[in-house]
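Structures follow.
In what comes next, chain A is part of two complexes: it sits with chain B in the first one and with chain C in the second one.
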Partner chain A sequence: MNEKRKSGLAANPFLKSLGTQQAIIVGVIIVLFIFFSLASVSFRKYTTVVTLCNYMYYILLMAIGVTFPLLTGGVDLSIGTGLICYAIVGSYVISNGHMPVGVGMLVVMIMSLIIGFINGIIIAKLDLPPFITTLCTMMIVRGLGSILTGGLSGVWPMAGSAGGWCRSIFKITVGKTIIPIGIIWMLILIAIMSIILRKTKIGRYILAIGSNKEALRLSGVNVVKWQVIAYIISGFFAGLAAIAYACTFSNITPGTGAGLELDAIGGAIIGGTSMTGGSGSIVGTLLGVLVISLLKTGLPYIGLQANWQQIITGLVLLAAITADMAKRKKAA
Partner chain B sequence: MEEEEALRETYFAELDPGRRKELLERFSRDHPQDAEVPLFQTLWSLRHVDPKNAEHPVDTFLWQIVNLISLYRVPGFFSGGTEKEIRAAMDALGFSAVAKYGDKGREILYLELRNAARRYFSTCESKSYGKKLMGIVTMNESERRDKLAREVWQLTEGLSRRFETDEDMALFRKAVRDEFIVQYPDGEERLERQEKRRTKKRIA
Partner chain C sequence: MGDVILTMKGIDKRFPGVQALSGVNLEIRKGEVLALMGENGAGKSTLMKVLTGIYKKDAGTITYEGREVEYNNPREAQEDGIVIVHQELNMMGHLTVAQNIFIGREPKNGFLIDDAKMNSDTRKLFQQLNIDINPKETMSKLTVGKQQMCEIAKAISHKAKVIIFDEPSAALTESEIEQLFKIIRNLRDQQLGIVYISHRMDEIKKITDRVTVMRDGCYVGTLITKDCTKDDIINMMVGRVIYETPKTESHVPPDAPVVLKVEHLNAGRMVQDVSFELHKGEILGFSGLMGAGRTEMARALFGADPKDSGDIYIKGEKVEIHTPEDAVRHGIGYLSEDRKRFGIVLKKSITENATLTCLPRYCKGVFIDKNKEKQVTKQYVDTLRIKTPGIDQLVMNLSGGNQQKVVIEKWLIGDSDILIFDEPTRGIDVGAKQEIYELMNRLVDEGKSIIMISSEMAEITRMSDRIIVMCEGRITGELDIKETSQEQIMHYATLRAGGSDNE
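Now for the complex of A and B:
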């Protein structure tokens, strides 16, 4: 009977294509969803889906980006404070500089690309440890946002006001129903980045850096260039996450953002991105982020507030790291 | 004859492409009538000449080893067409180029592949290869060997089983496995451990 069930599961093309780890995560997502639905009547409402999406957009965007440095065997810790910094500077350009929202978005993207490039150059060219380097840039961008805006909070134009169209990028209201159309953008980005990772030179080289950087260098590949590109991609997605955050939430407080990167890194690791580099997938990252976002959305419904959310998210992350290490040990 | 054999052995033992080129030139100069010379030159060009830029030092065989390891890790969603990519990699590793030379061609290619595998193993001594946990922690010697054994298993067994490319990869698999066992005294044992682990997983 058991064998029959197992072979049935193994024969399921969806689960087979996901692989064991990701199939387990799908199971965890289903269990979490059922648990929160049973524990709270409010969780079963449609508005929960909208809240879940609001959290998911910026975490997922950061996570897609940070998957690339993780695949090279590095990390980018600057994305969390970077997100807040870019969003605040963008709001400053729009409100104080009286610039159109589009210009604000452009400034956000340029800043994020510059920070990504700086991270990449320091790590690839000067061969400094990614953890330390991005920890430093994390602190730099945290202060930079406050300095550039004079410590003022940022607000992007609200729906209905001039430039309020930015609020309709991720959700639109039809009648009285909010439709989280951001999901469509996320799925498109996931498809694009998955193809880039699996079917293009960029992805191949980034995966190869995490697998064996020295062999890649001796093969004649410009390792510095591709490593820098991995951090630029991370910066680019931190910029997109900043736009998603600014367009979804009403207030952006300077000096915050520390810890947001852990949700993204956690999502990528839960989704199967190896902390040694060389293996991982964007679809896995999506599943990992779903777990993190479900926890963030669901825990308040069962009465657990911010501090408990952090503890539980930390424990989930710890479990994912332990599982990754155990998997590697077992594989050896 | 003895000198010729010694030169041949040195050529396949040498890992530095510059030094190998010198040895090949010497071999071609001293033994212009040797039937193996054009074969050596074909493989040399295939491995070390960048068709877009002759000045650019490359090692396409080394790249294909790294590439094949990545192909093994392709998740199910994107595994369509991997068999084709493996066959293309075998072509890039000289299988088509030596076909017209028959058994002699396969023998020389085997030696060239072993040389490429040894060059790959030599890169595993680098600092970057032994990093884990986002580059914060350094692996100990045993962990490093295990990582390499896992990769060798993926190259020699994993790929051909997952994508059913046994026949296409036979010579490559043999070259990598033989070189690993020669280079590391506990190589066979580590590969057996990998095999047992995989078999256990399949049974479960």
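Now for the complex of A and C:
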């Protein structure tokens, strides 16, 4: 509910609607952009935007999805290896099964929904801890993709080949310029999920589960159902992320993907989603993911390796969690 | 009477939406038992929490052994010799008695814990207090009374100079209370300063030397116990002579239909073969000591906890209630004794809390009709006279009484006809308490039926049309309000299986 809290930036209605933490994140993003632009000539090129988008799509999709379990006070660790698993199975259906790309995508989505549902049922019905449950499914799906394809890499159609249309879902080339039209899909999804979170009973119940699940249950609400739905949403977006990943990078290496979920969860938390659930927003998640993606694409330009990116992301995340704790202490 | 050991002066404490303490004074003397009295919500516990550093005071001074002190946490207070024996026990059930008493300061034998020394030290401590408990016994195997003895022993072992007992007798049997008093007298004779918080008038007369009374977060006055009467204390507590006149006659017409019938309800150890009927427009009081199984009975009835067996009939029809969802569908509402954990969502607005039970009715498809939702919330906020700047206010910023009204609002909007009020006025100040009572009376006048669980005898005798008394999970008595006395209720409340008063 930090959106409703007064901030020093109350004069600007846009920033006011974001809340203090998000306003800070917007500041961080601007500072990062300026910093990278000053530090590196090559960062200032248009292609940076394209690279940034390539990395951002799948993290953002996972992050939007995982925001929902986080809001219930849970977590979904299975989305990272899940992404790779679904993408590999999709590629298998397309190349070995000689199916159209569309069918491959359908299989990806069905699988992701099933894994989401399984996570949800185990967590909500059997009342197991979300962290452990999804840690287990994370390991299971990691192995599953490799087994199905016999350990071979998966390849999605390249531009120009049959089914290559999937390459142009997220970016199209006009003349010599690449236009990352995926941004449009992202904005549409963000709008839809924001509305679901703020204006529908799905969102209301999911937020309430994170705030006080027992009070909700004793109000006669079927909390099991809504908790399962949160994990289905998470699975669904992991599926979309798998498609985004496959359509952007084509090559899928089995057994990878562990760690991707941490970028997504980190993004959501940097964006103001409370670790204990109950508060957060999709726009916040977008901003958090922007920070992570900026670091991921920007740091190599100033000569820092991926390891540095992880250290810095870790520090930013720590700052975000500290802010969340301070906020909750103040509230209590 | 000894010297003053601790003085609190002009203590102020504010919480969001409520002034919990204003200008409270308190004086504790060596070798004396001071009773701290007041209604629920008068601020007794808050004052003690300020003293021991759980809360920070906003104003005032605390002088202890001649110097001004301010503790940041209970540990600091404890190291200084001020300890509190809480109403709720803070023991680790899986550890032994000795391990609990010496937790955090275990005697060491090189790197290892010296269990032998710990056990013998505990035994010495118990001898000093005349307690007969085996130090090696696992804590969870002891009765509540004995656990409390351990808690006291732990307090003493900290070289305490001031001990605060926060309603220590609430969960004890008669014989356990006797033993507790023996220990307290013993401590008093050792020149400790003792604060005794309790609602039980007879205990105050028996054990204390002076009485300090609080009302609505204010200091009212201090009396010498042996020079005052029960009524003097009560007058100071409520600020009026007549204290919650008991109902003398049932308000329910004899031909009122039965709206709820429970038959042979069993749920675990705490609910054994419970059967009763609730009539339309009736307030049915459930009395008993703490741990008598009343809350467990209510939760099993409401489907919050699983039940082993039993049939439930609503308006003559047999219904299956396995989850709270089922109960709500059949028009039952449950107001939990622990409002903050089970009743409301603290960090959400009044509106969001108000429609929790029946959100689908305020939806168009999947979308919430926020206008309609606000309209109904506003309407009930007005009729229930909930004091709030607006319906978007977070519930955590409301006072206890207003939070309770939000819970009531939730059930009224949810169209519940049978309301289970579990300790409806716990942690609520006197004025709001009165309003909750009036509200309950209004609800039954409008044809709703109420089951009221209460540990406050005065509340039970004032509100109920009929009283059921429970003890150890069983119904031990049913009384018409016409022929009820508090002594009678007490008799049934301690009527243990096997007829013995001892454990």
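A few remarks follow.
Definition applied: the second predicted complex is superposed on the first by the 323 of 332 C-alpha atoms of A that agree within 3 Å, B and C clash if a C-alpha of one lies under 4 Å from a C-alpha of the other, contacts with A are read in each partner's own complex, and residues count from 1 in each chain.
Keep in mind that, in the parts below, a contact is a pair of C-beta atoms (placed from the backbone, for glycine too) under 8 Å apart; a residue touches a chain by one contact, two chains touch by 3 or more.
Keep in mind that this is a model prediction, so the values were computed, not measured.
Once chain A is used to superpose the two complexes, chain B occupies space that clashes with chain C.
Once chain A of one complex is fitted onto chain A of the other, the partner contacts of A:221 extend to both chain B and chain C. Within the superposed three-chain model, A:201 lies in touch with chain C and out of touch with chain B [touch as defined at top].
In the superposition on chain A, contact of A:83 is made with neither chain B nor chain C. A simple residue count on chain A separates chain B from chain C, and the partner touching more is B. In the superposition on chain A, contact is made by A:211 with both chain B and chain C. Legend: residue contacts after superposition of the two complexes on their common chain; A:122 is shown touching neither chain B nor chain C. By the touch criterion defined above, A:278 reaches both chain B and chain C.
For the superposition on chain A, the stretches of chain C under consideration are 62-70, 278-286, 314-322 or 494-502; the one running into chain B is 278-286. When the two complexes are superposed on chain A, the residues of chain A that touch both chain B and chain C are 199, 204, 207-208, 211-212, 214-216, 218-221, 278-279, 331. By the touch criterion given at the top, residues 302, 304, 323-325, 327-329, 334, 336, 341-349, 352, 356-357, 359-360, 363, 366-368, 370, 392, 394, 396, 410, 414 of chain C touch chain A in their complex.
Within the complex, the chain B residues that touch chain A are 50, 56-60, 62-63, 65-67, 69-70, 73-78, 119-120, 123-124, 126, 128-129, 131-136, 143, 146-147, 149-151, 197. Those residues of chain A that touch chain C in the complex are listed here as 1, 4, 196, 199-202, 204-205, 207-208, 211-212, 214-222, 278-279, 331.
Chain A contributes residues 16-19, 22, 70, 73-75, 129-131, 194, 198-199, 204, 207-208, 211-216, 218-221, 275-279, 281, 283-284, 325, 328, 330-332 to its touches with chain B in the complex.
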